[in-house]
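Per-chain numbering from 1; labels A, B, C, D and E assigned in written order.
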């Protein structure tokens, strides 16, 4: 079961040509710079634009080929538009009910839950023009979700929200995907959101897909811009093993060794994704003890790249997992880093993603 | 009593005619306007021009041509006869046909403008929420274009109220059937019954004024902010 | 005796009346209904419009035209009942101003007016008569610039009545008993205005009305409104 | 020649009347429509109703009342006389006044709808870029409401072309001055000169059709996406 | 010379009441959660909404008081709307010229420079509806700047742009302010943008100003939510002293000691702002040498706060400058941190802001 799609369109100054195959389960992130064709892709998938010669299949169902074109309203996709696109002639409540009332009986989600989650209960009787930008965006998210789509397309849904709100909403989006099995295609230019949410990643530029694969792979592929940037990061998988209630630390076992994470108690036995920003990883030759850094992994240098730049990226392997460390070239020289060399990677921060 | 019975009958016929015509105008004009506002057909403008065309003929002359068309030997007349409807000339139904034809541009054009302003993005939002084209039309396009419906109805209704030339020609000024209040007022003026004409005009103006103020006061104004 | 015969079953007669005669048609039909019990339904319009309607199947029983031409045409085209055509009234032309006590004749001669109203001579018998009279006076060519034409004599009358035109040639039926000054144009100065009636549908009640028009009772009413009768 | 000179003169007068009336309609109707579309005055709807009111009277009757008003003793007449303009009855200027009054709702209403759809945010964008209210009106409101101007002009123009009752009443059918083509066609019909009527109607329809298709073909359609 | 403003409005469910005094020079950031009233504030300043009883003065000029209300178009403010708000009936070029052509002679900026900077030269003949969200936003920025305003109001101008673009545009916004002396009020929910750009900060919540002051102060005030969050950070001022061309390192002198920054050569003698994320600061008892971390300051513990949470925030003072360090409570206990204790703060990353 997967989603395959193939589209081509020539807008003159912009040529769009993609051929994608993504898993039907999970969240697929679409990441790329402004004007690279993210919205164009979503619109083609939703059937809002009809590109001749296009092809799209969801699981066993063909939405578009040379002879078929399933109209948008029959595709049961949810779509969160980049500009919230609420119905200006309806109150917030009527906007929410619009999709809800068109859902086949029995599939409806609870309106109250979503309204509470997005903190829009005070806005129910307002008209959209009286809402702030972020409020409109939240209503749009609620409206799309309440339509119980089979596939949810989100075009920068959190762009106008503050970090705290994002942190409230993101776990819910994950839950939609996990618990309801609602596949999501998530467009964003915010790496943070993408790495938090995406299982699968489509990297776009100039109307083309430049990379597609699991998030951990795409993030650490040294031939791609992601691993080269100052914000490069690695994703590792781990299982929650123990909890130190005195210091409120969760102890996890990962492919790279033990990881200690401060914070709320994580459910024991749970599989989680951890994010390690490359710039938070430092390398040492000896195992330091008198430091506030808790997570230190023994690893082997795989590759040092970045040429003559003042900062270099070091890809190290701990077990079978790639970790990126961004350090100054001076340090790299001081430590005389070479492929195959044994070192210790100390990570100042580790974020739990799933 | 200050109004003759014939006046009141004429008033009743007029209001009935205006209501039915406006209804028919909206029923025919709405899909046409919708199509015109969405169509990408190259020669759409020809249809637009044809809709506006009846307007340029003097009403009596238009009425004359309608009369020719509606007469048993005319194209519409022979059609309606073969359908067993008989001739429409000098009947109330005939008046409705005439009024509708003549007021069509006043309904189609404002609606077309209104629909065009609905904007594609709202309709797309409705489509992804599972609304079929018909559903979108009624749940999004119609409410958003509500002021245009008000304009179209007011112009269509008022124009039918005052319509005279076409109605006189194809209606034959038959009291109780095709004599409308505009003709009644005209007759009063012709017969030099000025005070009766003033009274009846006054009544018509008053009723229209009341209706119009009611309509305008309650027209949806808030929804249009874009 | 004449009218009492079919009193039992009252019928409906639809009459198409030329605009200028509408002033008389109403009292005529009232009297007729009172004596016979038959309902009269009057439809007014210009003779030309009524003609077009009749040709196209308008449900009229009688046509009271303002001229001879159109009833005659209906008769020859066998749309009207042959042999039923007759002149029911002669129109009388008057020179009229809505101002009181002025010498209208002198005013006309000296062109003491800005606008002079007549009915359109191409459309209305009164218009033709007015043209003939003005030609007789030798004023026709000079007056052209000041002429305003109504579609029918009623409109010409409105022009004068609202003082938009200071003087005009209108029907006596309109000007009589109104404020203003009136001069009856001698019959000899224009060819007479025959108004003819014709029967359109064979119908007893309609026949009765045609007879009534020619009866002395009918003629009295017609005369009292400023028309002459044969 | 198939058309009489009088016909052609009438056609010329008609086109002139329609042009000037449309111009005056736009000049008066635009500020009024703009005000109506922006005003928050509670009793705005009264003005709206009054604008639409002339429509409900039969044109001839409206013409009759206008004639009363324009006559030397009438309110407009005494005003225009005291201004040294003389009476407007039976003059081309009078026709313009009548046509403008009668077609006003067809211009004001579509413009009002059009202006309302301009939306406050575009005007705000213009304001912060330094555009004064007048500047905003011409650089933003007018171009955005362009389709409404097309509608208003077409309805106003076409309605004036076909206008007949008012013109007949206050014009006095003076060749070269107030005899318009609608009256000429009417006269042909009345005189049973049907073939002449057909020809002249045909010419009028043809010219109108060409004008309308030109207008509709080139109307700004792209700008309205919102 | 300063900007003073006082507004009050009651929207029923939302009450807005502010009284601000901000320097007329520099960039003032306005930061707060969705729906807190940021847009409301900007609109009041621009005169787009007329709140009775409001007051606003810019330098010596009163824009609004009980008797005066200068209409928007005479205020010469630039306004970048949250939704780009381009003229749909004009091409991009005409949109740009709209403001430009209304600028008093002699004050015009060069269109080409701005068009190039925002990379919109390929879009000049397009209508806005054919642009992507980010492209529209860039055009809107260009349009506002080209109007050469006396005061530039920016409402989340970069929200729909990717990081690379942001990095291109932010220095330009700084230059507008520095070089042209154009004061800027910059609304954002993105801390990163705010700390990069703002000299002065207004912190808003629920329609009120909860804090106002210089960016360095507001960021480290322990009574404010900013210093409590996981993303807390400190700002220090420094001067560029030297450049190590071998390792491409700039050496700066700051109030906390020497700072070494990898990257492009910074202009010698230049004053810059440095940002130090609290989570990138670790504390040690001894001065470590065999580490890839370059910047180590000797400091004194000022305050440890965060209660029983698994992670605590430590405010330390190096010289007269406050630096925040976010470390686990376990480490804090291990190191036995106490106010007044001498320690070493090592910072994994230091970003140059100005």
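Please note the rule applied: a contact is a pair of C-beta atoms (placed from the backbone, for glycine too) under 8 Å apart; a residue touches a chain by one contact, two chains touch by 3 or more.
Bear in mind the structure is a predicted one, so any value in this text is a computation, not a measurement.
Colleague: Could you work out how many touching-chain steps separate chain C from chain D at minimum?
Modeller: 1
Colleague: From the centre of chain B, which other chain's Cα mean sits the farthest off?
Modeller: That would be chain E.
Colleague: With centres defined as the mean C-alpha position, give me the chain A-chain B separation in Å.
Modeller: Roughly 57 Å, centre to centre.
Colleague: When the C-alpha atoms of chain B and chain C are each averaged to a single point, how far apart are the two points in Å?
Modeller: Spacing between the chain centres: roughly 35 Å.
Colleague: Averaged over CA atoms, how far is the centre of chain A from the centre of chain E? Could you give it in whole Å?
Modeller: Those two chain centres are 26 Å apart.
Colleague: For chain A and chain C, what's the span in angstrom between their mean Cα positions?
Modeller: 91
Colleague: Mind pulling the residue numbers of chain A that touch at least two other chains?
Modeller: Only 83 qualify.
Colleague: Mark out which residues of chain D touch at least two other chains, giving numbers and ranges.
Modeller: Within chain D, the residues that touch at least two other chains are 64, 121, 183, 186, 189, 224-226.
Colleague: Can you list the residues of chain C that touch 2 or more other chains?
Modeller: Residues 49, 52, 158 of chain C touch two or more partner chains.
Colleague: Pairs of chains that touch, anyone?
Modeller: A-B, A-E, B-C, B-D, C-D, D-E
Colleague: Which residues of chain D touch chain E in the complex?
Modeller: 121-122, 124-133, 135-136, 139-140, 143-144, 146, 220, 222-226
Colleague: Quick check: in the complex, which residue numbers of chain B touch chain D?
Modeller: Going by the criterion above, the answer is residues 44-46, 48-50, 52-53, 55-62, 64-65, 105-106, 109-110, 112-114, 116-117, 119-121, 147-148, 151, 154-155, 158-159, 161-165, 182-183, 185-186, 189, 197, 201, 204-205, 208-209, 212-213, 216-217, 224-226.
Colleague: Quick check: in the complex, which residue numbers of chain E touch chain A?
Modeller: Where chain E meets chain A, its residues are 11, 13, 32-35, 38-39, 82-83, 122-123, 130-135, 137-138, 155-156, 159-165, 189-191, 231, 244, 247-249, 262-264, 279-280, 282-286, 288, 290-294, 308-311, 327-335, 348-349.
Colleague: Under the stated contact criterion, what part of chain C meets chain B in this complex?
Modeller: 14, 16, 19, 22-23, 26, 41-45, 49, 52-53, 56-60, 154, 157-158, 161, 174, 178
Colleague: Which residues of chain D touch chain C in their complex?
Modeller: Its residues touching chain C are 64, 67-68, 70-74, 87, 89-90, 168-170, 172-174, 183, 186-187, 189-192.
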